[in-house]
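Submitted below is the structure of interest, expressed as structure tokens.
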């Protein structure tokens, strides 16, 4: 057969499994997003449409991959935590990195018009992704604390910087110079004394970033789930019992099921069983919150996130 | 500083440089595209709109990354060859895999409406990508021969299969059974005797896949480049001398320039110089052809592709 | 300079750091030791000289590398656990694997005449080594349990097998056939009823393998350390306070000090300080025991082994 | 079975195959050999006994592994080139690195008394090893040129330095100061004018290092091979036709044969066949020479070294 004499080139595909028993942290970042933000006239210091679009894309990814137990986003980056026992794509590094980056990107472009109805996308944006392994829960908590501390530092800086420029009439050069070497406290003071802004009153979304996680849908005493009953979360319901709904959500679940056979039958069946089991559990939805994830409370009240 | 006590988590990011001096072959595949094709009613056995959309996305990627010297696509997969001396992203594997997969995906979704004006995208499609290193020119040629032989085998099968179903009135099960174990010759015979199809008359696009490569734009005696003068290639011109055009093409070049500073200044400057140099060379455009790339001729007449 | 035009070949040396924060388990195995044992007429089923030689080589390795906190040996294999925070050789995989394998091999050949005074070494034996990373204490405990369970299974089989051959007059083929499919209990029964051997009375060294770990030298009320006072361990004292002794032990510490500068000055100084600190602590010695390391007791009474 | 509940820890052993189709370069270096040389009173600037011992150990390694086609040594380092098609140990990196380092170390300690009959080994020396992959013949040649250029530079420096100290009565500090910044030419001049040493008359072993390679044993017209007839090489014959000789050489071949079954039967059989075939070829021996391997001649007259 014509093919066989060339098929040896497959031997150059080397295995790249990730160490088992470790948390897989996947982070993606916008590629040249300074320029992208300029081209699409993103509001400074924060553009709520762009942030909500990021959240939506992230939510789609979390929904598609049940082994993602937590996600955190700020600016043009998003981090996703896969449970440490995940066998997604047999833990093949390139497969996971490329597929998750691709799906996020696709969702971002796909949902763009919903968030920017009057701003057509001028060119296709892209993201890069990477995987980092963390051996213990402490590492994972410190990772997310690192990102949320970063959110805080950047946002305080940017908020003060753009106040100086937009309301204070400074040039960007002057504003940078004014802020060089200032402490947090001093930036708070500038905001408050000069612009009457109490930093802590600013939208938690900007100060804390976005935290996505699954939460069980509380039983509705009237006999149904009632995600909206006084619950503040922006949630996307997912009712696994209603099959064959032509929604994007049910659709993407099937898609993943189809992809799995390439991974080897045994793995596939195990994964399917695990998925089955999860489906029979309490229905859950994905919450998008702007909680503090540096302090203990978030984690203490959601032990499932790091558990296995 | 709040950040510093957590910043140690960065130490878990391990380097992943690809071996220098080897050809980098990047291949991406559609994720669950059987289902995607069904949902969007792709024509069987080949949907020219879907194939042209793939080509367009691939072309954008080739245009954005001057170190891609060849690309080959069939069905829902595309392969890209980076020159062996490339220092793109310091040859970091995850960075290259994720960025190229992301850009391709983004272009695919972005250009969808041009190719499917009457078929709205129902959900965000995704792709997975991988890198394989090949040490020598022979390996590279054999890799592309492997893919094109695969194109041939698949297309002959699919063409015959769908002829039996669509024109022969067989069920898909019957058609599969009819083709089990048949040789190429026998499939040709079925097509010809039963459906009056001469396989070799079928569009080369389907039989050979798509081959993308740079070619110099011949000097126009009237003082300009003239890409359309009797040249059969579907080409996208790229005039590097006209700066500040608000085209996607010039735009994406800047984008790449912006991304580079994270790679370290020295590398950046070197890369910039190399890019500068290429820009001063003969203007080139990206040709999309359906040539035979198994035989020598394609390679013999384009020695630049494998040269360094 | 003549050298510079070739020095680019160094760029092909790729980094290979091991994930931080994980236990590094290094295991080595004799290469073709069936043949080696035959050539040197090792006693069957166990040759105490060969096992003590393995222990001695392992002890030398543990002594040389303070970050090795536990070692376990059986037959011609030995496992070494490095503390999870170790920065030995900047956690470079090839450097650690090759150096530890080399030192063990060297010690094995070097000490051979002490254990085989009447059997000259006929050819140079070799070992192969590998590193496995384990994220948590549980994995480490299960690893050592796996090896010790293996020791038990192999030794019970071999003991019964060689009893059948040496005392029972069976051929090796007959003995293999007799044991095929037998349970542990049945092997115990064969040993007891036919050869009057109570398996549990056999030397713990054969049944449990060798466990090497550091233990503090208890203060001697008479003003010195007294390692032999009623203590059963076979210990090799190491008195860090007596510098400049021309012993192998002091020597090897210096040797390691010399090697470190290549790792970069900062790392080096940190490592030196850590070493200094350890030296000022309670003097310790390396115990060689044949304890059960599957049950909790060993670990519960020595929390330092897995602590960091 | 007791073992099975722990056996999952094997899943943490990750594959580490080296890219096929590339030259595998394995280099080892003495660990803390400054100190080792001092302790054993090596002659300065070169100790011929130590160099010959290195050569002997390297020769044993080359003999044991037929896929090693070239080796080069200087001072306390040795480089080994494996043919690019080698499937030794399925190209597993740790296995190759550790086994070759171990065998070399073992041979070094084993043969020590032959070269240092009056200087007992005071402690076990060790080596570290690493693998570097090179895609093309040019890289390989440049690698060896790099090492031999290094030999020249180091030896010229050391020869001049020790002449200043040993014959010129300078302290080592004075000698270092005297040589700081000097060019090759100036060192030659110092040697010649002050110490009457013509550098080019110095033993080629010191100036060029040691080159090991296989060469065919010329047919002896009298009916036997005659390696000593006017041939300058220091050679170790290997007569593959005389089986069952109880020599180290035949022995080590068997040893390798035994090790292979762990690699999977198919591989094993292929390797065995390849070995068989090589055995039937012209008998060869390993030459140890001090040739120039920077210039073309060495390579042009021995095309087999880089061929596959």
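Per-chain residue numbering starts at 1, and chain names A, B, C and D are given in the order in which the chains are listed.
Quick note on the criterion: a contact is a pair of C-beta atoms (placed from the backbone, for glycine too) under 8 Å apart; a residue touches a chain by one contact, two chains touch by 3 or more.
By chain, with names taken from UniProt: A, B, C, D = tRNA(His) guanylyltransferase.
Computed from a predicted structure; not experimentally measured.
Peer 1: Looking at CA centres, what chain is most distant from chain A (tRNA(His) guanylyltransferase)?
Peer 2: Centroid comparison gives D as the farthest chain from chain A (tRNA(His) guanylyltransferase).
Peer 1: Using the touch rule from the top, work out which pair, C-D or B-C, shares more C-beta pairs.
Peer 2: Counting C-beta pairs in contact for C-D and B-C gives the edge to C-D.
Peer 1: Between chain A (tRNA(His) guanylyltransferase) and chain C (tRNA(His) guanylyltransferase), tell me the centre distance in angstrom, where each centre is the average of that chain's C-alpha atoms.
Peer 2: Whole-Å distance between the two chain centres: 45.
Peer 1: Between chain B (tRNA(His) guanylyltransferase) and chain C (tRNA(His) guanylyltransferase), what is the gap in Å from one C-alpha centre to the other?
Peer 2: The separation of the two C-alpha centroids amounts to 53 Å.
Peer 1: What is the distance in Å between the mean C-alpha positions of chain C (tRNA(His) guanylyltransferase) and chain D (tRNA(His) guanylyltransferase)?
Peer 2: Once rounded, the distance between the two centres reads 29 Å.
Peer 1: Give the residues of chain D (tRNA(His) guanylyltransferase) touching no fewer than two other chains, as numbers and ranges.
Peer 2: Those would be 12, 14, 19, 21, 133-134, 139.
Peer 1: Which of the residues in chain B (tRNA(His) guanylyltransferase) end up touching chain D (tRNA(His) guanylyltransferase) in this complex?
Peer 2: On the chain B (tRNA(His) guanylyltransferase) side, the touching residues are 19, 21-22, 84, 133-136, 139.
Peer 1: Quick one: in the complex, what on chain D (tRNA(His) guanylyltransferase) touches chain C (tRNA(His) guanylyltransferase)?
Peer 2: Going by the criterion above, the answer is residues 1-3, 6-10, 12-14, 28, 31-32, 34-36, 39, 60, 93-95, 97-99, 101-111, 121-134, 139, 142-143, 145-146, 149-150, 152-153, 248, 251-252, 254-256, 258-259.
Peer 1: Which bits of chain D (tRNA(His) guanylyltransferase) are touching chain A (tRNA(His) guanylyltransferase) when the two form their complex?
Peer 2: Residues 11-12, 14-15, 17, 19-21.
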